[in-house]
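Alright, structures below, take your time with them.
One chain, chain A, appears in both complexes that follow, with chain B as partner in the first and chain C in the second.
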Partner chain A sequence: MKNSLVSNRIRSSRIDRVYQSFIYIFLAVVTVVILYPLIYVVSCSFSSAESLVNGQVFFLPVNFSLQGYQAVFHNSQVWTGYLNSILYTSAGTLIGTGITLLGAFVLSRPEFPLRKFITVLFMITMIFNGGLLPTYILINNLGMYNTIWALVLPGAFSVWLAIIGRTFIKSTIPEELFEATCLDGGNYFQYLLKVVLPLSKPIIAVLALNFAVGQWNSYFSALVYLKDTAKFPLQIVLRNIIISNIIDYSSIGSLDVKSLMERQYISELLKYSLIIVSSVPMLILYPFLQKYFIKGVMVGSLKG
Partner chain B sequence: MRKNHFLYRCFINKGVWQLYLLVLLPVAFVIIFAYLPMGGIIMAFKNFSIRKGIFASPWVGMKYFDQLFNSPIFLDIFKNTIIISVYSIAVGFPFPIILALAFNEMSNQKIKKILQTITFAPFFISTVVIVSILMQVFSYRYGVVNETIKLFGGNAVDFLGSSSFFRPAYVWSGVWQTAGYSSVLYIAALSSIDTSLYEAAYLDGANKLQKIWHIDLPGIIPTIITMLILTTGNILNVGFEKVFLMQNPVNYGVSEIISTYVYKSGIQQAQFSFSTAVGLFNSVVNCAALLIVNWISRRVSDTSLF
Partner chain C sequence: MKTRKLVALAVAVLMLTSMASTIAAATEASPFPPMEPLSPEKVTFTAFIAQQPTGMTDITTNTFTLWLESVTNVHLDMDVVQTDGMKDKLTLMLASNDYPEIILAGAGDNAFKIADLVKYGTDEGILIPLNDLIEQYGTNIKARWAENPRIKEQMTAKDGNIYAIPSIDSGGISHGNVGVKLWMNQQWLDNLGLDMPTTTEEFKNVLIAFKTQDPNGNGIADEIPLTGAINTWCGDPYIFLLNAFDYYDPYTPIKLKDDVISLCANTEGFKEGLKYIKDLYENDLIDPASLTQNEQQMSAIGNNKDAVIVGAATCGHMAMFIDITNLDLSKQYDNIFPLEGSNGYRGIPYTTQPSASDFQFAITDKCENPEIAIQWADLFCGEEVSVLGSVGVQGKQWDLADPGTFGMDGITTAKYKYGEAYYDSSADANDAWGWALKLIQPDYKDLFQVDGDIYDPSNYEARLWQATAKLRPYAADVQQIPNLWLSGDDSARISALETPLKDYIKTSIVEFITGKKDIDADWDAYINGLNKLGAEEYIALYQAAYDALEN
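Coming up: the complex of A and B.
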């Protein structure tokens, strides 16, 4: 009996070792595949246009140069796009977080008579929606076409973020604090402002970062609702330059570059630098993004 | 009892009207931006013209649905949508689970954390940038893939100019972007499995594979099923953004899907009623898929959304 157990253990430990190495190989391959394109883009962006076009860049920058970044900074479209994106992202984050928090707070109060009804009213919109055309007509009828509001308002109240917020408030803020507020003669507004908000900082971060990333990265609303090029956010500018290959050569010409060939090389290099420049905010925020997006997933998976 | 007394006093004294006031804004947003467009769906049954507005436009019944079902392109876009969706689910759904199981077997917490940080990162890259990277890396003239092929003496392949490249590129770039993020949920579920089960398995002499098969997988089955229901509920909701960016005249045959078609016929060609009908068809199929999978899951496994 004892012997068979021991031999069993030895056999399984051998299988375990083989298996363990498989896991390490798998994870190593996954990591390399995920990391390589990112490193490649960064390296390209710091290489010289010529070595890029001649296909010399494989891993590290070749003939280190900032030509690409110079071209990006001389491109006025990129600047306008950047400013617009900052504006849309700030407005979207502020409005979205505020309205979604309001919904989250009210749904977290068990004594609210319409709680069930409103929850269902919200949930239905997660399963069913009017679709692109009716929304488009509505935005036009509201006079929001070609304005910032078409990008910021339609998605401002997020049902699943409200539910995450509700779950967080319900599960972390002790009911005694509500009773204490009542005893002190406080009302709901005071309870929300002085008790709930200060204790909900982590979930406010979850909501704000979700809205910020969503708004910064989105291009669809801008594609559908914006007409003036001066209002285009960065993602549309990126799309026009990199994917549709519409490049304003005059902006590159100002860099003392003579031949057409050379301009073309630089416009190729510019694409890589542009990718990096547009991703800088995400890069800076990444430690917070990782922390709070994981938190959001965790709270979201709790049954509220 | 005591608690109820306090609550009672509070909302009698202070008034629950404040809650109504606070919820007014969220409800207004949902009604305006979600329910009004739902009402706008009646456009699909009318011959909508901007001048007359939705209510004054004349009814045409099922005309636009007939037009859709009889149009030669309908089968193509329906088929393309289903194929790209099923392909995405078949690859993209199990991959994060495997990744989570692999992470769970790592004993070195430091390296585990670093790897998770790396795999999580692409989630925050915008769709435009993902497609840009894809096009740069696979570009015919300067792309690193073709440079590598040439380095080994091969001939450059025009990936972007071939329609067979579209589906794998769409699906695998999606896995590249979201696998790390999607695995978080499963890693959390794995870490909440009762450790006494592993001790018992150790005493019984189970090897790692057996532990995964008999403890890990059953432990995360409810999470897997919930995610599967949610995923199938979106079977026709193939993301417009990425497909639209990846489209070119060469791959229209495989890349034209319902949502890109709605955009083109509706916004670009201003066939409002017809496009609304297409969109409605899309929503109804999604809804049906969600309900069916939810129903099956409730019968088979006791896990369901509602």
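Coming up: the complex of A and C.
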């Protein structure tokens, strides 16, 4: 660091400085572009519904109010949805990471004879799938309809994460460690548990974060496979409130004034606070996993 | 094991009786005769139902759900889906042969459409015909039919069967009958000593005066003579203005007149209308933003903090562009009559007949007690369930009217009045079903008392009612297009043609107005474009279906 500063001072020519200031300006613009919508949403969520409707919010909250949050937390479904989402996300992450890691480990072993064949089979599922209807019938016939398993099991094995995992294990864990384990009388399970897992923290973080974000954001399987309101995850509750506020005016005859007004009011009041409420867990989780995340993906991406 | 079951039963009975007695106590002053249970024993139906985003937090614990179950003895084992994406799930269920006994489709886009009824009723036989059931048990439905025979016609498929019960307002005036409205600042007219414009020429002069004579009196030329918004209910400013020259319905590119179906967007009147609007646009009388902004942005300028700056706005109801709780502002605006164009045309698209396009209730072939299911649905076509289901709880959302008060039309004696809680749009309300299920409702809304200031937000619906009623004489001279019960192929072809056609017309209108296309020079190219998109085939398909229906 110091070195580069010194050399900068001595050697940077005008061209260099111009070039650098361009980079800084460019990065500043990118930062603003990314940050502004975030700040805007946060500000909106703390503003009164009135100032939102009047379009007064541009950057900072106008007429600071917690109205939106009060309304969100008054809605009992938001609470049950929150709890359900946490449950589905933890279960989905645990199961998904476990299964995918097992698959990655097996595929990483060079002595496994069907390695290539199975990889191809897996790849096929990345491109082709059974389609919605057959999957739906299958899940139903397996008795998973309206249970947590319908949300957690079908996506538990992710092919591309397994491939990243395989590459990671192959490229970062020396084969000699396996030989050493064998010499010490260890079997595959002991090798996996005592050697591979402790050395694979970055890739575990990658898998966990991917599954966690995927589960947290997923709504379609919940929409299709759940029937009890008490089991709905947060995303379903959220989408219902935010998206359904887009009114189909062509069939306005059957909608009364009250519904129209309510929808206007609710969409303005709840939209932003709901977005914040639903993003907070992921925002909290991300910094803890981020360092592994970037490292893991980079490592896994090499020597594919 | 047996004793445990007995204990459970005893507890259940106890709970039920105590529930029944509290309900009985609460409804002592109920204006409705006591309801007979539909079955001596509890009947359970599996039901597909949509939970609406407003007015309910959980449909399974909703006050109305519990009340209806207690009085009818019908329990719904609900398969709840949120409105967003419900159509997908319904399609899946019906296709996988794993569907419930009754289906309560949602409202609007999520309801059963004609094409769905043809598919699942006529073609696949999943939905059972309701004709005999209604004949035998549908007291309320038959009463609604007697009031307006057109409802029955609209419900009956080409094969003579009724597969579903629609959501419909049984005629009468509802503000939704006319979406094409223009709200003008009456205060400004008074300030400038102008009359309400009745012709397009006068309208232009009013807009010029709004722009140049500082009607809000703040000494700044900040006035926007006419604004609107896109992608919302009749918000585009050109819709109202085109209707001053010829019939133009924003929701369908066709009209039916003298039993002939034709396109609206290629007539001489349409062309003249475009020229008129272009002239307004070139003179800066139409807010250029109105061709790009959404409803929120429109309401931002409508509610401008420092001064009132909007002279006129086009939208379905005025709360779309101003905050109606701001009485000073709300009192300034009123809707104007349709304008008479230079070609002598004057009219407005007005839904004069009830039309059934959204079907909400159907019984599937898996239903074991269809006669109870139809009686249950029939309740939704009666007054009691309409009021309790759509408005809420007596003593909370509504109550009996004060003696000597009148309903919205000012003639009918009022029977009910809205309560405080009705206007409280808090997020945790869970008392009514709202539009989760609305079938052929009687005109109960007219029976709710309207008193005090018509500008009061609580009388907003009455105000809109009046704004709509006064337009009745100007209803355009066209026939309402009936349900055509197209076959699956035809309806797929029509919707494949319709979307690009609608988009093309919309974009072309804007291009003509803004001068990107010249109305005279590019007119033939525009007509050619319509034909290229299959306008002729589209019209022919509609005409054939209409002729087949009439003969």
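By our rule, the second predicted complex is superposed on the first by the 233 of 304 C-alpha atoms of A that agree within 3 Å, B and C clash if a C-alpha of one lies under 4 Å from a C-alpha of the other, contacts with A are read in each partner's own complex, and residues count from 1 in each chain.
Convention: contacts are C-beta pairs under 8 Å (C-beta built on N, C-alpha and C of every residue); 3 or more make two chains touch, one makes a residue touch a chain.
Note that this is a predicted model, so its numbers are computed, not measured.
Undergrad: Output check: A:102 vs chain B and chain C. Expected answer is one of first, second, both, neither. What do you get?
TA: A:102: touches chain B, not chain C.
Undergrad: For A:133 in the superposed arrangement: first (chain B), second (chain C), both or neither?
TA: both
Undergrad: Using the superposition on chain A described above, determine whether A:239 touches chain B (first), chain C (second), both, or neither.
TA: A:239 contacts both chain B and chain C.
Undergrad: Tell me which partner A:163 touches in the superposition: chain B (first), chain C (second), both or neither.
TA: It touches nothing on chain B or chain C.
Undergrad: Which holds for A:220: it touches chain B only (first), chain C only (second), both, or neither?
TA: The answer is both, since A:220 touches chain B and chain C.
Undergrad: Regarding the shared-chain residue A:228, is it in contact with chain B (first), chain C (second), both, or neither?
TA: The second partner, chain C, only.
Undergrad: With both structures placed on chain A, which of the two partners, chain B or chain C, ends up touching more residues of chain A?
TA: In the superposed model, B touches more residues of chain A.
Undergrad: Let me check the overlay on chain A: which residues of chain A are in contact with chain B and also with chain C?
TA: Looking at chain A, the two contact sets intersect at 53, 55, 132-133, 136-137, 219-220, 224, 239, 243, 268.
Undergrad: Can you name the residues of chain C that touch chain A in the complex?
TA: Listed in rising order, the residues of chain C that touch chain A are 51-55, 57-60, 78-85, 88-89, 92, 95-96, 98, 107-109, 111, 167-169, 174-177, 179, 232-234, 251, 296-297, 299-301, 303-305, 316-317, 319-320, 323, 351, 355, 357-358, 390, 422-423, 425-428, 434-435, 438, 445, 460-461, 464.
Undergrad: Could you pull out which chain A residues touch chain C in their complex?
TA: Answer in residue numbers: 50, 53-56, 71-72, 74-77, 132-133, 136-137, 140, 219-220, 223-224, 227-230, 232, 236-237, 239-241, 243-245, 247-266, 268-270.
Undergrad: State the interface residues of chain A toward chain B in the complex, per the touch definition above.
TA: 5, 8-9, 11-13, 15-16, 19-20, 23, 26-27, 30-31, 33-35, 37-38, 40-41, 44, 52-53, 55, 57-58, 99-100, 102-103, 105-107, 109, 111-114, 118, 121-122, 125, 127-138, 142, 153-157, 159, 162, 175, 178-179, 181-183, 186-189, 192, 213, 216-220, 224, 235, 238-239, 242-243, 268, 271-272, 275, 278-279, 282, 286, 289-290, 293-294, 297-298, 301
Undergrad: Contact residues on chain B for chain A in the complex?
TA: Residues of chain B touching chain A: 3, 6-7, 9-11, 13-16, 18-20, 22-23, 25-27, 29-30, 32-41, 43, 48, 50, 54, 98-99, 102-103, 105-106, 115, 117-129, 131-133, 135-137, 142, 144, 146-148, 150, 176, 179-181, 184-185, 188-189, 205-210, 223, 233, 240-241, 245, 259, 262-263, 266-267, 272, 275-276, 279-280, 282-283, 287, 290.
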